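Next, two complexes with chain A in common: one pairs it with chain B, the other with chain C.
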Partner chain A sequence: MSQLVFDLVLRTGDVALVAVALSAAYSLVRFPNIATVYYATIGPFLTYVLARVGLAFWLAAALATVAVGVLAVVLNATVFDRLLRSGSAIAMIGSLAVGMLVTAVLLVTAGPDSMRFAFALSPPQDLLGARVTALQLWSMGLSSAALLGFALILFFTDIGRCMRATAANADLARATGIDAHGVIRVITFASGVLAALGGICLSLKGELNILMGPDLILPVFAAAILGGLGNPLGAILGAAVIALTEVIAASTNFGPLLGQAFLFLPVNYIGATSFAILVLALLFRPYGLFVNEVRRV
Partner chain B sequence: MFDFILHVAIIAALNGLLALSLNLQLGYAGLANFGQIALFGAGAYGAALAFSWGFGPFAGLLLGLALVSLLALVFARLGRSLGADYWGIATLSIAEILRTVATNETWLTGGAQGIGGLPQLFGFDLPGTLALAAAALLATYLVLRGVTQSKFGLAVRLLREEPQLAASLGYDLAGLRRRVMLISGVPAGLCGFLYAHYVTFVGPDQLFASETFFIWAMVVIGGLANHSGAVLGAVALQILSASIPFAKDALGLTSEYVAAARLTLTGGGLLLFLLLRPQGLLPERIGSVRA
Partner chain C sequence: MRSSLVLGLGLLLATHVAAKAELVVGAVIPLSGASATQGEDQRRGMEIALEEINAAGGVLGKPVKLIVEDSGGRVPSALDAAKKLVTVDSVSAVIGEYSSGITIPIGQYLVQSGKIHLNIGSSSNRIRDLGATSFSVLGLEAVSSKFAAKDVVAQGWKKIVIVGPNNAYGQGMASGVKEELEKLGATVMSTLLYTEGQTTYRRELQQAAQMKPDAFVYSAYGKDAALMNREAFELGINKTPWYAIYLSMCTADSQRETVVGQYGMDLNFVGPNGKAYEEAYRKKYGMSFKTSFSGYGYDALKLLAAAAGKAGSAEPAKLREALIELGKGYEGATGTITFDAGRQRSEQPYLTLKMGQNGYEPR
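Coming up: the complex of A and B.
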């Protein structure tokens, strides 16, 4: 049981950071930015390169996340801002095009093979009855700290108040003297940082390769939409729902239901459960689990 | 070499069908379908399933069109309650779910191995296949041009520009979307059928989301809401894409560069045109409706 809970938390952490990044950016820049999941690929690759050069891992990770944050701000100012004038769907395909270019660059520079960070592998420890590796604990700690930090900024600082005000009513926020462009830059930077951290946490536990970003698209979108796009902390709950479904789908014996001794869902379908939740969510709760009234036309 | 040119021409014509189909949805109706490849897949798997059950190509065509129509209705149903960006994500997920099903239901679809051995419609006669593909492309072009120049086409453009105005004038938006999806499903399904019988093999590897984005690039580069533009985009991108391996050999590069060049062609082409020439090579002609 505790193993189940642990798997659940770990899987939630995988998706949550990137989903929060996506949702936070959406709250001010109104289109689903697919490039977010590619920021989650660039982050660990930059960290890997910097760590290979000889920097300590934490320094490499910090530099990489800041670099990705800056990249997100630059891309937003030069590309997405202009595309958004032609509509959110156009901006969305534009962000996907950026993602393709990122993949092309990584393919040529880093190659298609998987890589690992050069940490000493430690045997799994026993923690409250669950088998846990040190790297998994590190990854969990890092993502929890990042989420907590972002929540604190959002709810207890001036800039956080400005972000929430601009997200709720941009015109009113401008009228009260909030520098909307500055707020957008800050949240875009934060979104890049969170996405890069999410990618780093993910690759800490396993490998990094150029398919990390594309593989994240649907679970991350599912989590962000379940939580309500534009509601960053809702995305964490969305990620928990996705993780719960995946863990249940992976570990439940459906046999007795169908009169057989054992029947487990084929492993390949476990990833598809998050797509299915996404489609169901879009059909029945398109504006998230927590919203009741407002509907855009 | 001549055979290779014929092959490129056949694939370009087939891609033209997909581009015309997406152009009707995206260009004319403003429906950003991120799951276009699934419509193609429905046609292709229709042909393959009919073959594996021992039916002839005609039954395969009918089965494919039936599957395509079903999928188009599902897409249209989802569009009833969703904004454009949400609908894009929904169509992308459905396409991915269908690819997962096609990969895993080995008893039905042959799994990752797919279904092979479909007969070529003209034996191995490339000029015949090209003539068939070109005829299908021309017919689709003429039919879709007729559709978009009718009163229905005008209503569809109004749906794209001012949905609220269209609704206030009494147009049934959900019905319009449904008809657009059903009409544009036909060329996509036809393309899947022709492709399946041309390469004699259908498999989940043909259904990756990246193929959808390749078609998007054709439409955006050629010109949104311009049928000739969609065909031009399809032909231009197919020629460029087919010449990548030659450039690789000429420059002595590794095979990673081929994949990277294709991604750059799609992504870079999309981005350049969206930013610098959003109307595409052949812009939409305003006021070109006769009805």
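Coming up: the complex of A and C.
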């Protein structure tokens, strides 16, 4: 049981970072940016390359996240901003195209094989009955710290207030003297950083390959929509719901229902649970679990 | 005018005959991807064979030419490579691949193209059906499942979970081993087929662990196996015995710490006549065999060269007859190679092993 809870927290952390990144960017730049999940692929690959060159892992990860943040700002200014003038659907398709381009570039440069960071093998420790490795704890700490930091910025700093003001009413915010473009740059940067961190946390525990980003599309979109697109902290709860269904689907023994001793859902089909939730959410709660009065999508 | 035409024609004929007389062999093996370690070992075996053949003057009065192509561990690139070998390089025979899921399609293509195909690393029973010009120099799974099942039951394990890749090899291995285990009175609680190339196998492992078997019987390709072994270690699932079908395939890329104590079986890769080959390998690469698969590459190329010499030709049809003739008892580095009526190696010696701190230990 405690292993399940632990897995739930781990998975929530992975999905939440990228979902928050997606949702935060959406709050100001009004289209669901699919490239966000691809930022989560670039982050770990950059870290891997920098670590191979000889940088310490933490330094490599910091540089990679900043670089992805800058990339997000540049892409936003040069590509998405222009596409958005033709409509949010166009911009969304454009972001998918950028994502595919990223995958193609990584395929040519890094190849299709999985890679892993060169950490020493860490023996599992017993934590309240769950088996935990040091890397998993690091990953968990890193994602919690990033989410907490982002929440603090959003609610307790001037720039955070500007972000929320611009998200609520851009015209009014501009009229009060807020530099809307500056705020958009900051939030796009933050979204790139969070997505890259999400990818790094994910690859810390397993391996990294070019399909990490595409594999995240469904859970991340389901989590962000459940939380209400544009509501970054709602995305964390959305991620928890997704993680919970995934963990339950993966670990429930359906055998007794069908008169067999053991029958588990094949792991490949577990991604379908987030798809199911996405469909249900779009049908019944298209504006998220937590929103009634304000339309966010 | 006429004389120059005749001369030209004669020259053309002469070069044509010369091209036919030379033995050109292609190889499609995984030099990158999950099984790159095994693929490199296959290549080493062939390279040593090539050097020996050509040092002894080659075949048909010419050095043998070997063209090695990387399959990347993927069907499309393996097929492209096989097509290139047949159409551009005009090879007589192609050796390869490693994974059954890839060996079968390239074998089908080669048989259709009328070329000789030599399987040196795959053991799916479906390879038997590839067709008239396909040969296997290692024993297929019908032989290996029986051996592994008997060995597993001999350890006293009764409740088994089988883990393997979801491809032609894994499916065949799982159903074959299951059948043989059940014949011997053991229970197969579940068969878990995983998708290759994932970035984590935690969920599969956790599902398997919930069943609390006496032992896991598994077979997985190099780098996938390494990740799985590492995660089993991290989850503490390695406390239950693991039995590897082809231990060297399952552990060559794994960190030693994560696989110490694993039981397993493997191909007996050094036959009574293999000492000289073992010595040559050690001398050339400064280490003992990395996996159990290099000897099969060595034997395959040697066998082809011997067949070409015997047939006096590099024509696939003549090579085929010579191979069948030689396959009545060819003394290779991996033991005596005898083909059955379906051109598959009928007798395959295996080893029972255990993974120790310092490497494979015989049991």
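Everything that follows uses one rule, which is that the second predicted complex is superposed on the first by the 280 of 297 C-alpha atoms of A that agree within 3 Å, B and C clash if a C-alpha of one lies under 4 Å from a C-alpha of the other, contacts with A are read in each partner's own complex, and residues count from 1 in each chain.
Note that a contact is a pair of C-beta atoms (placed from the backbone, for glycine too) under 8 Å apart; a residue touches a chain by one contact, two chains touch by 3 or more.
A quick note: this is a predicted structure, and the numbers were derived from the prediction, not measured.
**Q** Of the two partners chain B and chain C, indicate the one touching more residues belonging to chain A.
**A** B
**Q** Contacts for A:2 in the overlay, against chain B (first) and chain C (second): which applies, first, second, both or neither?
**A** In the superposition, A:2 contacts neither chain B nor chain C.
**Q** Looking at the overlay, what does A:250 touch: chain B (first), chain C (second), both, or neither?
**A** second
**Q** Figure out whether A:268 sits in contact with chain B (first) or chain C (second), or with both, or with neither.
**A** Both chain B and chain C are touched by A:268.
**Q** Which partner does A:208 reach: the first (chain B), the second (chain C), both, or neither?
**A** In the superposed model, A:208 contacts chain C only, not chain B.
**Q** Let me test your reading of the model: by the given contact rule, A:157 touches which partner, first (chain B), second (chain C), both or neither?
**A** neither
**Q** Pick one for A:169: touches chain B only (first), chain C only (second), both, or neither.
**A** A:169: touches no partner chain.
**Q** Check whether A:122 is in contact with chain B, with chain C, with both or with neither, and answer first, second, both or neither.
**A** In the superposed model, A:122 contacts chain C only, not chain B.
**Q** Looking at A:111 after the superposition, I want to know if it touches chain B, chain C, both of them or none. Which is it: first, second, both, neither?
**A** In the superposition, A:111 contacts both chain B and chain C.
**Q** In the superposed view, which residues of chain A touch chain B and also chain C?
**A** In the superposed arrangement, which is not itself an observed complex, chain A uses residues 111-112, 266, 268 for both chain B and chain C.
**Q** Note which residues of chain A are touching chain B in the complex, please.
**A** 31-32, 79, 82-83, 86-90, 92-94, 96-101, 103-105, 107-108, 111-112, 214, 217-218, 221-222, 225, 266, 268-269, 271-272, 275-276, 278-279, 282-283, 286, 296-297
**Q** Give every residue of chain A touching chain C within the complex, in rising order.
**A** 3, 7, 111-114, 116, 121-124, 131, 133, 202-203, 205-209, 211-212, 250-251, 253, 261-262, 264, 266-268, 270
**Q** Considering the complex alone, what residue numbers of chain C touch chain A?
**A** 32-34, 36, 72, 74, 189-190, 193-195, 197-200, 202-204, 206-207, 210-211, 223, 227, 230-231, 233-236, 255, 257-258
**Q** Give the list of chain B residues in touch with chain A in this complex.
**A** Checking each residue of chain B against chain A gives 30, 32, 34, 78, 81-86, 88-90, 92-94, 96-97, 100-101, 103-104, 163-164, 209-210, 213, 216, 220, 256-257, 259-261, 263-264, 266-268, 270-271, 274-275, 278.
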